[in-house]
Every structure is written in C-alpha cells, then in structure tokens.
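Listed below are the structures to be examined.
Two complexes come next, and they have one chain in common, chain A, joined by chain B in the first and chain C in the second.
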Partner chain A sequence: MSDIQQSIIIRTIVRIMIPFILLFSLYVIMHGASGPGGGFQGGVIFGAGIILYAMIYGIEEAKKKISDKANRILASGGLVLYAGTGLLAILFGGMFLEYGVIPLMPTTAYTAKILIDVVEIGIGMTVLAVMISLFFDISPPETEEDMHIHEEVE
Partner chain B sequence: MIWILDITLLLFLVICAVAAITIKDLLSAVVILSAYSLIMAIVWVEMRAVDVAFTEAAVGAGITTVLFIAALARTEGRSED
Partner chain C sequence: MTFDIITNNLPALTVIIPLIAGFLTPIIGWINRKLCWYHVMLTMFIVFLITASNLLTVINTGTIHYQFGGWAPPFGIEYVIDLLNGFVCIIIAFIGLMVSIYSKESIKKELPGKTIPYYSIYLLLVTGLMGMTITGDIFNFYVFLEISSLTAYALIAIGDRKDGIVASFNYLIMGTVAASFILLGIGYLYAVTGTLNMADMQNILPTIYDNKVVLAALAFFMAGFSIKVGLFPLHTWLPDAYTHAPSTSSALIAGLMTKVGAYAMIRFMFGVFTPAFVIDMTRMTEILTWAAALAIIVGSVLAIAQSDMKRMLAYSSVSQIGYILLGVGLANVIGMQGGLLHILNHAVMKSALFLVAGAIFYRTGIRNIHQFKGLGKRMPVTTTVFLIAGLSMIGVPGTVGFTSKWYLVLGSMEAGMWIFVLIILASSLLNLAYFWRVFDNIWFGHPHEVEKIKRDEAPLSMLIPMVILAGLCIFFGIFAYYPLHYILEPLSNMLLGIGVLP
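Right, the complex of A and B next:
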C-alpha cells in the first residue's frame, strides 16, 4: 500500500482525475430524469471520487476535506430534502411526492421537473455521505509509518 | 441482440462466478467478483437495461470491491475451507 501511495505518478494522476469524476457525478445526478443515471448512481460515483482521494492521500487527509460531522449533515440533509418534498405535496392537498399540486411554477410539468431534480439531489447527498463514511469506518486505521510517508512526499 | 456476444458473455459470467467461489485467496476472489460485475453490466446493456447497467458498474465493480478490500486488510485474507 505504501509503495503505491508514494508514487508521484499516481498522486498526480489522482489529483488531475478527481475534479472530472466529481463533475461527471454531478452530471449523472442532474441528468437522471431524462436519461440513464440518477441520484443513487451519481452519489456512488461522487463517493468513489472521495474514496480514491482517501486511498492515495490517506484517510486523515480526506477527513480534513469531508469530516464525519459533514457526512452526518449531508446524510440527514438529503433525507430531509427527499421527505420534505414529499410532505410538501401532502401539505398542498396532494399525495406523497405528487409534485403537480405544488404551485411553484406556472405549469405542473415544469414544477414536477424541478422537484424531481431536488429529490435526486437529496438521494445523491445521502448516498455519497453513507458511502464515504462506510469506507472511513471499514478501512484499517492508519499507522504512524503511514503518516510519516504522507509527510515525506508532501 | 448479437447472440454470439451474448453466449460469450454468459460463458465468461459462469466462469467468473465459479472461480470466485472456489479460489482460496480472498483478494483474488474479490478481484474476480469485480470482473463478474463488469461482465454483468455489459449483459445488462445487451438486455437494454442501461440504468441497471449503470448501477451495476458503479456499485458492483466500484464501491463493493473497495469495501471488500478494505475489510480484507483487517483480516488474514485466506479462506479456511
């Protein structure tokens, strides 16, 4: 593991690749209603991008970027977005997730389009936070030697 | 549907599945399982289920492999039986 983490080629390529992976995941989330993809797949790809960073630069370094607290807020915030959109429809007299009754936009089709995107973003937030925290919890803790390697390469 | 491609993919699928459960080294088993997921994703595309293929490629070949390897790093990495 440490040989791979020390390699300058892998560190540079990971640093270049991660913005594209995250951008692609956002595209997948927003494109979910009109094509293949959706909140779950996009969230998994976003989580995979962060996990790639954690594998090469160390888990402690990745926790500085997205902490356990941020994970908890993202996971529950996504659930609030999803359930909130559904319950909002009930408040306006419809059924759960019946987007059409919410008077947000002039036409019901337009309202549904926007609210489906909100729901997809909620799903994506929850999935990415859960995937990242799963990896953080399941991977073995870093030893003193690993920490030393990261400092040396920096 | 290209039936020669389908038969080849399904053949590889069975080979990967049998290899994954018979091999002793657990790291090899995880890698073969991820190859199984990749072939399964192509089979889903062949069956015109692109959404399912997307999920299979992202979750089966991506996240599951990483989580299995992370879990293996905490164990011995050899099967008992």
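Right, the complex of A and C next:
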C-alpha cells in the first residue's frame, strides 16, 4: 500500500485523471433525462474519483477536499432537492412528481426534462456523498508511519 | 384553492412528509441538536393528522386512489387507501407519535451523542412502514419493505451494547432471507401476469390459478412474511432483537414492525390472491391457523421461562402475533374482526409495556424481574401503566385484550374448531402466569427497608405517552364498538369477499 502511495508515476497519473473522471460524472448526471446514465451512475463515478484520490493521497488529504460535514449536507440536501421537486408539482396543483404542471418552459415535455435533470442532480449529490462517507467510515485510521510517508513524499 | 391542493395529495404526503423530515433532521440537528426532538414530534403529529383525515375520508366516501406523477395504473405507481391500510396507517402514526414524545429523555441517557442519526433513522422507519402499508404496487411495496428493514436493523444496532450489534446482525440475515423470498414471489407473479399493480394482478390471477408458478409464489410470500412477523418456529431473530435494542427502538419496532408484516400477509392473501384461492383451493388459511395456535402456546411457555423483562415481553409478542394470524386464518367474519382488532390492541399494549420497561431501566437500571421488589412504591404511575397493559394482555374484561380474545373465541366456535377455544383459554392462563410474577414483585415484593423507598418517578415527557397508551387500553376495551362497527366489520366482509364497501 505504502509503496503504491509513494510511486511518483501513480501519483501523477491520478492527479491528471481525476478532473476528467469528475467531468465525465457530471456529463453522466446531466445526460440522465435524455440518454443512458443518470444520477446514480454519475454519483458513483464522482464518488469513485474522490475515493481514488483518497487511496493514493490518504484519507486526511481527501477529507480536506470534501469534509464529513460537507458529505452530510450533500447527502441530506440531495434528497431534499429530489423530494422538493416532487412537492413543487403538488404546489402547482398536480400529483407528486407530475412535472408537466409546472409552467417553467413552453412545452410540458421540456419542463419534465429540466425537472428530471434537477432530480438527477439531487440523486447524484446523495449517492456521491454516501459513497465517500462509507469509504471514509470503513477505512482503518491511518497509522503514524503512513503519515510519515506522506511527509517524505511531499 | 391551497386547501384543495393539500387535501388531494394527502395519500402521497403520508409517506413524503416523514421522508423529507428524515432528511432534514441532520440539517436541523446541525443548527441545534435540541431542535431535533421538536422537529420529529411535530412531523409525527402532522402525519398522525393526515392519516386520521385519510381514514375518515375512507369511512365516509370509500377507497382513495392516488396516481403518482399522473401516470394511470396499471403502468404507474398507485397508492390505494382502503379501510385495511387506513386503519394500519393510523396505528403506525399514533404509536410513532407516542414513542417520539417519550424518546427525549431516553435518548439523552441511552444514546448520548447519537441523537441526530437516531431521529433520522426513526423518521425513515416510519416512512418505510407507511409506504409498505399504503402502496398499491407490489414492487413499490418491496422497496418500502427494504427501507423499513434496513432502518430497523440500524435502530437495533445503534446502542453501545455489543449484544445489540449481534442481535441486529442475526435479524439482518433472517430479514434478508425473508425479503429474498418475497422478492422471488413478486418476480414469479410478475412473470406470469405481466403487471405489478395489486388490483390488476387480482383480476388476472384467477384465470391461471392452476399454474404452478402461482402456487410457488404464494408459498414464497407466506414463508417470507412468516419470518417477518416472527411466526413460530421462524421467530428466532425476534427475542434478541427486541431485548438488546435501546428502549425506544424496542417500543417502536415491537409495536409496529410485526403488525405491518401481519398487514402485508393479509393484504397479499386477500388483496393480491383471492379469498377463494387461499381459503378453499390451497387451504393456506388452515395451515396458518395451526401454525398460529402453536405460536400462541409456545410463545407463552417460553415467556414464562424468562427473567429479563424485555425478553419476556419479546416472547409474549411471538404468542400475540399468533392471535392476529389465528383470527385471520379462521376465515370467518367474527374471527377476522378479532384478528384485525388485535393488530390495534397489541400495538397499543406492547408499546406501552416496552415503554414501561424502558422507563424502569431509565430510573433504576434494572431489567431483571426478580429485582423489581418495591418498585410499586418507587414509581407508582409507571407501574400502574404496566398493570393496566398487563391485565389487558391477559384479557381481563374491560380492557382491549378481552375484546379481541372474545371475538377470536366466537370465531373459533363458528368455525367449529373447539380446540382453538381451548388454546386461547390456556394461553390466557399462561399469560397470567408470566405477568403475575412481575405484578407480584412490583406490588407485593417486600424489600428489607420499605419505609426508606422514596418516590422517584420517570420524567413527565416519558409518563405522558405511557399514560395515554394505558388510557387507550381501557378506552378501546369499553368502547370497542367504534373500531368494530365503523372499520372492522365492513373490512372483514370486504376481505372475505362477502359484502362490498359502501
């Protein structure tokens, strides 16, 4: 483990790959309404990007990028966003999640697409936050030796 | 205008309000931890009002149908509220409300630092149970079944005790096996009917009742739900899970989980399959009555052998589930009414008893029945609640337990099964045996220094829900006419296919 973490090749490649992984995950999330993909898949890819970072650079470093508190807020906020969209439909006089009734866009189909995207973003937020916090929670605490290695490399 | 919007969407709001509130809990707890309790209590109160309104609408105007997202069934997910699930929903909301009021002090002491996750999971469990009850789509049912099971495992394991984690893990294994059976059954039915809507399925199934896949699906459902309700001999997860969970979790889970499992069993037998199929063709109800009769006796006998209060109550649950299923299995109107009434009665009694066990543990740290001596003087109100709920479990006239047992006995006579009359009477004596030990210790046990015992009652927020539940034990014992006449009699007729709803 520590050997891999020390390897300069892996550290560089991971650093280059992560922005593309995250970008691809956003693409998958936003593509949810009109093509294959969606919030869950995109969220998992986003989470995997952060987890890759945590595996190579250490949990502590990863927690600086996305803290436990941020995770908690993302996880709750995403679901509130989802359910809130459904409630919005109720406020406009429709059934729960009946997107068409909200007068956002000229055609109902277009409104539905936009709102499904909002729902997908909500799902994506929750999935990525839960993925990351699961990884943080079950990974063993870092030993002093590991911390030492980090310092050496940097 | 605004009022219309809300009233039209009440069926969906029953599930959505606890769901959203559950996810808001971490954010509210992040602002101020103390607000969580008020938030949960307010949510449960709103849910209770909604379920009450739903039930009144059903009684006055008939079954409510709600289409999710405006998609018509059988393609879209439909929520259907009839008398059966309207009745179960209001029980869930009421017990949820009572336990949430009670939880304030108990959580502070038993789960310090875990308030926020506890309340989040609490609301999600209520969401899962509500969803299971209210949905008219069997796959949607499965999703909510998983939500309620996962949250129940978490609620049992949340305490610091290692036993709780082991018990929760056992429950997880058994619960997953049960859920897999149910999922297989749903898959089989979907394969032969091509629909997931319960009402639609009930129309299609009678044409293919000779199909072996349908028989296998029924067997899978019955096996799965038997584990979920803890029917003897599949009850092994239940005593440990109830015993080692934190007090409030045991009250909620013991009061509700198995009742909703029993509801699901009834719904699948009479709402997905038809009464003719389960009663005459496969004789599933007859098998169920014998299994239930065995559970009644064995559960009571095992309860006598326990010295831990919560474990005794857990085994008593095994026997009480037997009453519910016995009534349903008798498959006549009177027996069915007794069984369904016992869903209400057992939820009220068992929650009250577990809350008392929690209150005694909160004040004294005692769980062993033999150490209860002198408690009657120390915690008079709590122990009186225990007395009332205990008498009700035994079935003393004037309490709810009497009414449902009376109907069960009448139902057994009508079915010509005199042996069940004997079993119910024998089990009442056994109930008396194990409750008397506790009464004896509480009221008549003499510790050495009786004079020195000071009154040390549980806090008010714990007493209020216990007293309300004990009051209901007596109220429904005397005024059993209301639930029976307005809900259970038309409901039993409807389930057995004798009459139609107004």
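As a convention for this text, the second predicted complex is superposed on the first by the 154 of 154 C-alpha atoms of A that agree within 3 Å, B and C clash if a C-alpha of one lies under 4 Å from a C-alpha of the other, contacts with A are read in each partner's own complex, and residues count from 1 in each chain.
The rule is simple: a contact is a pair of C-beta atoms (placed from the backbone, for glycine too) under 8 Å apart; a residue touches a chain by one contact, two chains touch by 3 or more.
None of these values were measured; they are calculated from a predicted model.
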item	value
First, second, both or neither for A:L91, with chain B first and chain C second	second
Partner chain(s) touched by A:Q41 [first = chain B, second = chain C, both, neither]	first
Contacts of A:I51 with chain B and chain C, given as first, second, both or neither	first
Residue ranges of chain A in contact with chain C within the complex	69, 72-73, 75-77, 79-80, 83-84, 86-87, 89-91, 93-100
Complex contacts: residues of chain A adjacent to chain B	1, 28, 36-38, 40-41, 44-45, 47-48, 51, 55, 131, 134-135, 138-140
Chain A contact footprint on chain B (complex, rising order)	50-51, 53-55, 58-59, 62-63, 66-67, 70-71, 73-74
Residues on chain C engaged by chain A in the complex (per definition of touch)	5-6, 9, 12-13, 16, 19-20, 23-27, 30, 66-70
